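Working notes, structure below.
As written, the chain order gives the labels A, B, C and D, with residue 1 at the start of each chain.
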Amino acid sequence: MAGSTFGTRFTITTWGESHGEAMGVVIDGCPAGLSLQPDDIQAFLDRRKPGQSKFSTARQESDRAEILSGIFEGRTTGAPISIIVKNKNQLAKDYDKIKDCYRPGHADYTYDRKYGFRDYRGGGRSSGRETIGRVAAGAVASKILAELGIKIITYTRSIGSIIVPVSDYHYEQINENIFYMPNNRYAKKASDYLEDSIKRNDSAGGTIECIVTGMPSGIGEPVFHKLDAALSSAIMSIGAVKGVEIGDGFDASFTSGSKNNDTFCIENEQIIKNTNHSGGILGGISDGSPLILRAAIKPTPSIPQAQKTVTIDGNETTITISGRHDPVIVPRAVVVAESMTAVTILDMLMQNMSARLDDLKDFYH
Amino acid sequence: MAGSTFGTRFTITTWGESHGEAMGVVIDGCPAGLSLQPDDIQAFLDRRKPGQSKFSTARQESDRAEILSGIFEGRTTGAPISIIVKNKNQLAKDYDKIKDCYRPGHADYTYDRKYGFRDYRGGGRSSGRETIGRVAAGAVASKILAELGIKIITYTRSIGSIIVPVSDYHYEQINENIFYMPNNRYAKKASDYLEDSIKRNDSAGGTIECIVTGMPSGIGEPVFHKLDAALSSAIMSIGAVKGVEIGDGFDASFTSGSKNNDTFCIENEQIIKNTNHSGGILGGISDGSPLILRAAIKPTPSIPQAQKTVTIDGNETTITISGRHDPVIVPRAVVVAESMTAVTILDMLMQNMSARLDDLKDFYH
Amino acid sequence: MAGSTFGTRFTITTWGESHGEAMGVVIDGCPAGLSLQPDDIQAFLDRRKPGQSKFSTARQESDRAEILSGIFEGRTTGAPISIIVKNKNQLAKDYDKIKDCYRPGHADYTYDRKYGFRDYRGGGRSSGRETIGRVAAGAVASKILAELGIKIITYTRSIGSIIVPVSDYHYEQINENIFYMPNNRYAKKASDYLEDSIKRNDSAGGTIECIVTGMPSGIGEPVFHKLDAALSSAIMSIGAVKGVEIGDGFDASFTSGSKNNDTFCIENEQIIKNTNHSGGILGGISDGSPLILRAAIKPTPSIPQAQKTVTIDGNETTITISGRHDPVIVPRAVVVAESMTAVTILDMLMQNMSARLDDLKDFYH
Amino acid sequence: MAGSTFGTRFTITTWGESHGEAMGVVIDGCPAGLSLQPDDIQAFLDRRKPGQSKFSTARQESDRAEILSGIFEGRTTGAPISIIVKNKNQLAKDYDKIKDCYRPGHADYTYDRKYGFRDYRGGGRSSGRETIGRVAAGAVASKILAELGIKIITYTRSIGSIIVPVSDYHYEQINENIFYMPNNRYAKKASDYLEDSIKRNDSAGGTIECIVTGMPSGIGEPVFHKLDAALSSAIMSIGAVKGVEIGDGFDASFTSGSKNNDTFCIENEQIIKNTNHSGGILGGISDGSPLILRAAIKPTPSIPQAQKTVTIDGNETTITISGRHDPVIVPRAVVVAESMTAVTILDMLMQNMSARLDDLKDFYH
């Protein structure tokens, strides 16, 4: 498959460039019978909306989701769901600066190398707007997961050097600050950090954390389609992500087996783990504990200061990127990470249904 | 696809359990005309061989690769290459201890939850021996990459708290110590660290780093099959891996855009980057700089001390795992990470060949 | 993958119901650099347009193709191409008749059985309008094939009992009659046949034939993705197709080896076959002769006479389908068969590019 | 995916050449808990065994199936099942005749064109022995289908001009004659036909029919992965197949809608069809009636008479193929067609399990 389709049973195919006519996604394999309205999708899209504070681009993107197929009398029919969001701001702009040279940290150079030329309007297909289709699909997947008792909480764990310690997590505060941080006090610190960053004409990165509760055990396909392998691919495919961890992640590599192993015990006649260093996955299969994953987001590459670069003709030059750009994209990427997680988990849940002969026999009694 | 197949054009399908009759891999889509002998594969398999020091299991695994198909007169024919390695040590052992309870940190519990029961002999499909098929395929992929001028160097970056600083890398020392570390002095420190770990009946983890040179630019498929997304999935699918980074990885999330952006310049009439924080990938597509990726490996879960756990009947108990087990698996995983990287890159190179209409026209003039 | 995506390198994902807001297709993996305008697609869509004669439905479908992504400055960029056609005629109609019972020969019953309910407006996803996406994609694939010197000719070979004998083929007449038959005289006979059919409130089927010239040899992937296997799947996936043949097809089963074998000879220093019973495919791989394939189309199931059926509640009843329906859909399916053939061949051509190591070496010298 | 893997949830990957060391298949995604012994597979392999009469090659192929993985204590574990059959007769033969020229009707020429050279020993990968892997996998799939109440009957419908009329079918006679014909009297006629064919140093083709009973309704994925599309691909991928029909197939194209439509009625409180022209599939989804499919097999291309051909150097020559070859391969292909049908249906049954939200909710209550 070419690169714009993800998933095996619940598959999503996204399309669209930042300055083209529209962005969209086709969801195929969505189970029939789900109640679905445009508002379900809009709620997710609004979470990635810019212009909500001085720390995100002022460009007004009032992205409205339209559902063009796959719904009948308010329910999904099993047919592909086509969702479209029209681009509003594709004004003729002066792209001369970025047209003829390569912005550092962007995909300008690599797209040229791959395809021979590129759509230079605002990043084209490599723009952050590409995630609209992911988020629309994530809204649908999340709604199904909710029906199965599975809930995903995603938040900004750090911005630059400002890291919320686990001991200070207050999930109820996530939606109380513009950074989606689980602690308003740290959000204030992040705000100060970014003010300073802006003053220096610079930008910041950060990390996102995602917790999935209500996850059944037994989900994931050994050997290559392990749950953690699928999640890594899903998360790393988001632009600007440079690292992915499950559970204790890199910290696990520095500790010892006796500390890292999660022992089992019985609670309420259920087998559970006493700890969750594994992040809810053992041998690539969910173990019933909450899934925990983390993504590292690099600093916004568009910065309002002069940077050395080269022209497409191979001459050295200097570029200063104008226009407003998010000094940090982490808060807007929170819902994207959540969406990719939702899509991946749902797909794996669907794949798992034929793991046992007894289940096939029950199904086709 | 079920979980034991990886890749789209160069696909590998592995099979076998640690204590079954044999392990193997079927490679499909291998280009025709490659000179290939069993020794090419044996060289890779020998790198994952245990029993080479007191830090790896004493079990003598003299794994011999046999090629059963796909080769004619010493060259690949384009037909699937079936490689098999017979298991030598599948003696009837006393599995009673692990048969009826779940080893902490292992996949015993999750396999039971997924399939209703499990092959409890030595981990079955979730055993480290499963990687034999990956490594055999990696040998083939690496040989093709070498013909294209692409070279992969993989090594142990850290064991427990012993981390080789980048400034002290000496690639020529990688094969001079039993840990495949790029510095013999740090390998000595790691040895001391492990001695201590063994004394405490404990185990250690570590990190692996992989550098790919000679990589053409333009490789990787946006949006979901980005080169870094594919590599993440490949690496995270290796048992015991809990984190993956590309380039500066998590460090990038703490720095600023001006420091993280790699500026472009001209050298010998070629466009290159002045730095390589990106790890050779921009927008999911290779940028011509060396690829850099890192994997976090958790400590060996089998430790020779009593651990709390539960029986499959749901009673709490204590287990002490006997037998020799590697106190650290990182050195043996080095060639596995290299193999998965090789397979992934080759697959992406093959996918990329139809990116431009002009290339199709040249091909089918 | 769920069912609405086809292809591996050149992939198409279609969406839309006959009476929803729009129909569409997303083409992913289209090589960059192809000159493409909406007119290229419109020309193909117009070939499946109804209302061109008394033998096709009077419903005015002025289907206009819009390209929403993947094109920049008139050329494909390598990004997904999203094509949309708005539905004009989705008026509130009286569906009560078909809402509560199952039309014989239609997919009403099977969709209900699969999904639990169905979008009963005009067939929903199982409508013939679903082919709009296929045809739009076929237009793109055909344009690329033309650049590679590959040409597809498709025509109606028979309608009901009226069969054009091979000896009477006049390809230049295909576009001179409303049935796309390669002989105007037989088209007249078909017209009479249909007049009679209409008088009896009945419908007719027919066969379509497709010839591909300029086809390179060596295309097709043994064992399961043989060129003929891929084409069969592509053609059989078109609604109403009940049979597929390659070359002499079923006739080959009745003859002898000495008559069916195509012997080789040399012509203009090229190896060619003296005959083409194989239809251009040997062992699943193209042999350089023209591809020949044939599809059997069943008679239109919607007929204006009373038919026995059952209600969704399980009671026997009688249904008479009102409204104008094509008494034969074969002529409109000609471009659909051509489109699926084009998409399949292009995909196989792209897959084939990595068959030889020498070609990889040339590509990545 | 490269061409030697088939299926999406129940996937099979075959490997091996006719004169290599062994043939085999890896089955991935087999549900856990199926009782499986080598004898289950052997029973299927024996049905394709040659040397059972003067009409099949005298080469003694005592193909013995070994299961190398995926079974524990007599049951499938969910892990890949590797099945291997060693080649016994790969003696050094004189291949000079076929080494340097192209046999008419064989894949010699096309493999050379695709890969640059070929394994000329006995057809290599394009040999009929390639089907061993398919049949071994078919045995497993069939056993699962049997547990679900689904049964497949496959037989030779015609050899050359000898066609068993539907009215003369006696299924109980299928295993009473060497041709697997459902009528011993017609089998005698076929025997005479072949005697005559052999006398003329010629060969024959034929048709195979396959009936699937106990098939649940609702199976098949619109639009491109329709049940009939998947079956067509599966059947057409068998070497020597040149045509595929579902239900009335090509005959449907010659009749009228009123005759071809299957009307619905109620029987024993169940909805059934009064007839089964559709062959059990409507809109690509099973309708609860028996599936009916038919395959056309071309005459054996290896015939013991002089045929014109060309050398690989491009010179015209004459070839006479020596050695015993089946004058008809149809009877041996019966179990191959049955196997591919079984694998396809099982895969579609597994895919279908996530079609409805309610089913996911039941599964993950």
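Note that in this section a contact is a pair of C-beta atoms (placed from the backbone, for glycine too) under 8 Å apart; a residue touches a chain by one contact, two chains touch by 3 or more.
What you see is a predicted model; the values in this text were computed from it and never measured.
Looking at subunit C and subunit D, the chains that touch each of them are A, B. Greatest Cα centroid separation from subunit A: this falls to D.
The chain pair A-D and the chain pair A-C differ in C-beta contact count, and the higher one is A-C. Remark: subunit A and subunit B have CA centroids separated by 26 Å (rounded to whole angstrom). Subunit A and subunit C have Cα centroids lying 38 Å from one another. Subunit A and subunit D, compared by their mean Cα positions, are separated by 45 Å.
In subunit D, 1-5, 8-10, 14, 29, 32-33, 78-79, 111, 114-116, 125, 222, 355-356, 358 are the positions where the chain touches two or more neighbouring chains simultaneously.
Against subunit D, the residues of subunit A that register as touching in their complex are 8-10, 29, 31-34, 76, 78-79, 144, 147-149, 216, 222, 349-351, 353-361, 363-364.
Within the complex formed with subunit B, the residues of subunit D that make contact are 1-5, 7-11, 13-17, 20-24, 26, 28-29, 32-33, 66, 68-70, 72, 75, 77-82, 84, 111, 114-119, 121, 124-125.
The touching residues of subunit D, counted against subunit C in their complex, run 1-6, 8, 14, 102, 104-107, 109-111, 113-116, 125-126, 130, 158, 160-161, 197, 200-207, 217-226, 228-237, 239, 241-250, 252-266, 269, 271, 274, 278-279, 281-288, 296-303, 305, 307-310, 314-316, 352, 355-356, 358.
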